[in-house]
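Each of the next two complexes has chain A plus one other chain: chain B in the first, chain C in the second.
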Partner chain A sequence: MEDKQSYWQENLRLIFICLAIWFVVSFGFGLLLVEPLNAIRLGGYKLGFWFAQQGSIYTFVGLIFWYGKKMNDLDKKYNVEDS
Partner chain B sequence: MDELKLYTWIAVGGTFSLYFFIAWWARAGSTSEFYAAGGGITPLQNGMAIGADWMSAASFISMAGLIAFLGYGGSVFLMGWTGGYVLLALCLAPYMRKHGKFTVPEFIGDRYYSKAARIVAVVCLIIASLTYIIGQMKGVGVAFSRFLEVEYDMGLYIGMFVVFVYATLGGMKGITYTQIAQYVVLITAYTIPAVFISLQLTGNPIPQLGLGSTLADGSGVYLLDKLDTVVSELGFKEYTTSTLGDVEMFAYTLSLMIGTAGLPHVIMRFFTVPSVKAARQSAGYALVFIALLYTVAPAVGAMARFNLMNTIEPAAGQNLEYAERPQWFKEWEKTGLLAFEDKNGDGKVQYTADKATNEMVKVDRDIMVLANPAIANLPNWVIALVAAGGLAAALSTAAGLLLAISSAISHDLMKGVLVPDMDEKTELMASRIVMTISVCVAGYLGLNPPGFAAGTFALAFGLAASSIFPALMMGIFSKKMSSKAAIAGMCSGIGVTMLYVFQHKGIMFIPGTSFLGGMEPNWFFGISPNAFGSVGAFVNFVVAFAMLKVTGPAPSHIQDLVTNFRTPHGEVAGAHNH
Partner chain C sequence: MNKHTKTAILVAPILTILGFALADLWEESEAQQERAFELVPFGHCDVSNQKCILKSGEFEINVMDANGITTVNSTYPLDTATLFLVDKNNQAKPYQLGMKDSPYYWKRETPIGTLLSNKGDSAKLRVIIEIKGGKYFAEFYTQTTQ
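What follows is the complex of A and B.
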């Protein structure tokens, strides 16, 4: 029971980190901060525009795989992998 | 028969035969295979199937066109329809897979220990899925009538027949393997023209990089900068900065994200994999396969807009002579989706943002993807491939939605509530019959699209966002969340969203009944009805937690159930005994 508690706490912490990044790249860089970021260029892209139409999506993909990997480690650590 | 038509028949006929072969090969023998493909799909396969399930006629045909005309504002669709997968992968899919049931209403019914909650979920699911399916059926009809010059109705019947065969025979198992094939068809059909066009315009074959490159005409000017200049000279909003408004974009993106995470036909696909680990992984693969199309779409949109502007006005002041217009221009004029009116009588085409002088009186955004290969002078086999791809996108999504609807009726309503002692063989038969009826209803709606078809998009995402998503989140992350509180939350979330959509778009979308009018001044903080699902979700959460304080927490055996599905290890009591 103790173990399950701290397993869940660690999981929540991971989810929180991931969702913070998720929020920053899309709602942050892509929407709220788009104007200042557009002053910076990434080749032909304005940076804010790039985050809104490209960068956020790449980050989302990375986040899901990173979370999956961290959770596999966590499952092993607490010995709760599914049979 | 001309060459293009021959190629198109080969592409469409070939892919359809493949779907039939898969249907025969993957027929279902049990309810577990019918609802969840026997739980034996690998994460990679599931990722591909989710990709096809998710990417509909709207993603394939309409999205790039929307982006082409909205520019930066189109980002809401790109971020909204991909960001939802992060929520699914982190917050929903693993726990729902661990619980180990077949349908979303079943999960809600178990978690909230209530048949009423299950029925509310079934109703939300059916409304959301049915409204969604109308668009797919129309897509099938349009693709057939445009590319094969078959009557719209006939095209629809052919599409219905194909879905009928593989969905009733194979259920989830047949649908999964067909969707894998359909994903390959649709992504090939989408990227090949994009690669060619990117190469032509920028010299870079990778569209995602081409969009950020300089033009290949030797001017050294970036494509996006040139596009900004061209459109703003004609009075349109600058491409890379044209916004829908700050609050609106925020609310719209959020609504699409949580709506995506709450759509039952997508969530269902996570029940097909063998483990929790595989559920997390398949969300990742799914987003990779979806991102392949979604990161190409902005390039397709911008390049299509660029080609269109460039065809009409190759250099400032040198407008296209109407008499010398290219072949694709004439073809699309025939469909009425492109229309020209020589207002100043000079025989040339002027395309501007000013309504008084603009002579391109109709440029339907849906033609951007379909006409793209022709505008860029690509060979006929590429155009044929686009037709097969559009059909694959529409059919795969329709099949997923039909399965969500028929399983909600046969498994949740019939087996779960009305006839609990139905044996497995009868249930399998019942689900096939319900599937058949669903195909007919979907076909009927496609043939006679209700007047409100255009507004239904808001309703499907609004319902998923304001009812299903919050109910699932609270069910997983709040152990104490009780049945009464959750039902109150769902009902008020849907209530607020429906009221807002109806008051601005008409009750059941009947024109004239919109008592506040569709007008922007009446919008709540400037949020459009399409973007209101996020507000509905917020209301749902607030009401549910307030009610929880009043009515007290869920019983302890339910709290144990939650504890149990939060860890991948071990069985949930009562799972897998269907």
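What follows is the complex of A and C.
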């Protein structure tokens, strides 16, 4: 029972980290900090604009696989892997 | 592909769409707040010879005068355009311009051409432009060069 709770707590922690990263790249970099980031250029594009158009999507795709890997590790740790 | 990756792949598009919807709401509320920007002359300003460009970022207006008609041409459609002729006592006389065929061109008969008819003549002008999302203003001098 304690293991289940601990597993769920770590799972929630991972979800909140993912949501925080999702918020930072989409709203933080793409909207709230767009002006200061636009002072930086990435391959000719303004960085704030790039995050709003492409960077956030790339980060979301990266987050999918990162979350999958971290959850796999968690499954192994708590011995609840798919058979 | 394990169950967690599958779950994440299903959830990510929902968060992405939610993000875009919220970003749209945010941008809409930002656009409704009125803001003011200063237009700065780009090079020498000579209204009589159709060489007077004022800029603020990507927004540009060209102020020109020909045959007693003063015209303002802009890169974006305008809601209103008002030109002020400032005299030696710093008193400004407003001239509300009217739309000419499209919201990119605004014109009105003004005495600017008469005041600047000779080489070397100069005048102090002000302009206030209203555009969706803000106001643009400028105080500038025009001098006839030829």
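To be clear about the criterion, the second predicted complex is superposed on the first by the 82 of 83 C-alpha atoms of A that agree within 3 Å, B and C clash if a C-alpha of one lies under 4 Å from a C-alpha of the other, contacts with A are read in each partner's own complex, and residues count from 1 in each chain.
One rule holds in what follows: a contact is a pair of C-beta atoms (placed from the backbone, for glycine too) under 8 Å apart; a residue touches a chain by one contact, two chains touch by 3 or more.
Source: prediction; values computed, not measured.
J.: Considering only touches as defined above, state whether A:Gly30 meets chain B (first), chain C (second), both or neither.
T.: In the superposition, A:Gly30 contacts both chain B and chain C.
J.: Looking at A:Tyr7, would you say it contacts chain B, chain C, both, or neither? Reply first, second, both or neither.
T.: first
J.: Comparing chain B against chain C, which has contacts with more of the residues in chain A?
T.: B
J.: First (chain B), second (chain C), both or neither: which does A:Tyr58 touch?
T.: The answer is first: A:Tyr58 touches chain B but not chain C.
J.: Taking the two structures together, which residues of chain A meet both chain B and chain C?
T.: The overlap between the chain B and chain C interfaces on chain A comprises residues 19, 22, 26-27, 30-31, 52, 56-57, 60-61, 63-65, 67-68, 71-72, 75, 82.
J.: Can you list the residues on chain A that touch chain C in the complex?
T.: Within the complex, chain A touches chain C at residues 19, 22, 26-27, 30-31, 52, 56-57, 60-61, 63-65, 67-68, 71-72, 75, 82.
J.: Please give the residue numbers of chain A that touch chain B in the complex, ascending.
T.: Per the stated touch rule, the residues are 4, 7-8, 11, 15, 18-19, 22, 26-27, 30-32, 34, 38, 42-46, 49-50, 52-54, 56-58, 60-61, 63-65, 67-68, 71-72, 75, 78-83.
J.: What residues of chain B sit close enough to touch chain A in their complex?
T.: Chain B residues touching chain A: 67, 72, 74-75, 78-79, 82-83, 85-86, 89-91, 94, 98, 208, 211-214, 222-225, 240-241, 246, 249-250, 253-254, 275-277, 280-281, 283-284, 287-288, 291, 294-295, 298, 563, 566-570.
J.: So in the complex, the part of chain C that touches chain A is made up of which residues?
T.: Residues 1-5, 8-9, 12, 15-16, 19, 22-23, 26-27 of chain C touch chain A in their complex.
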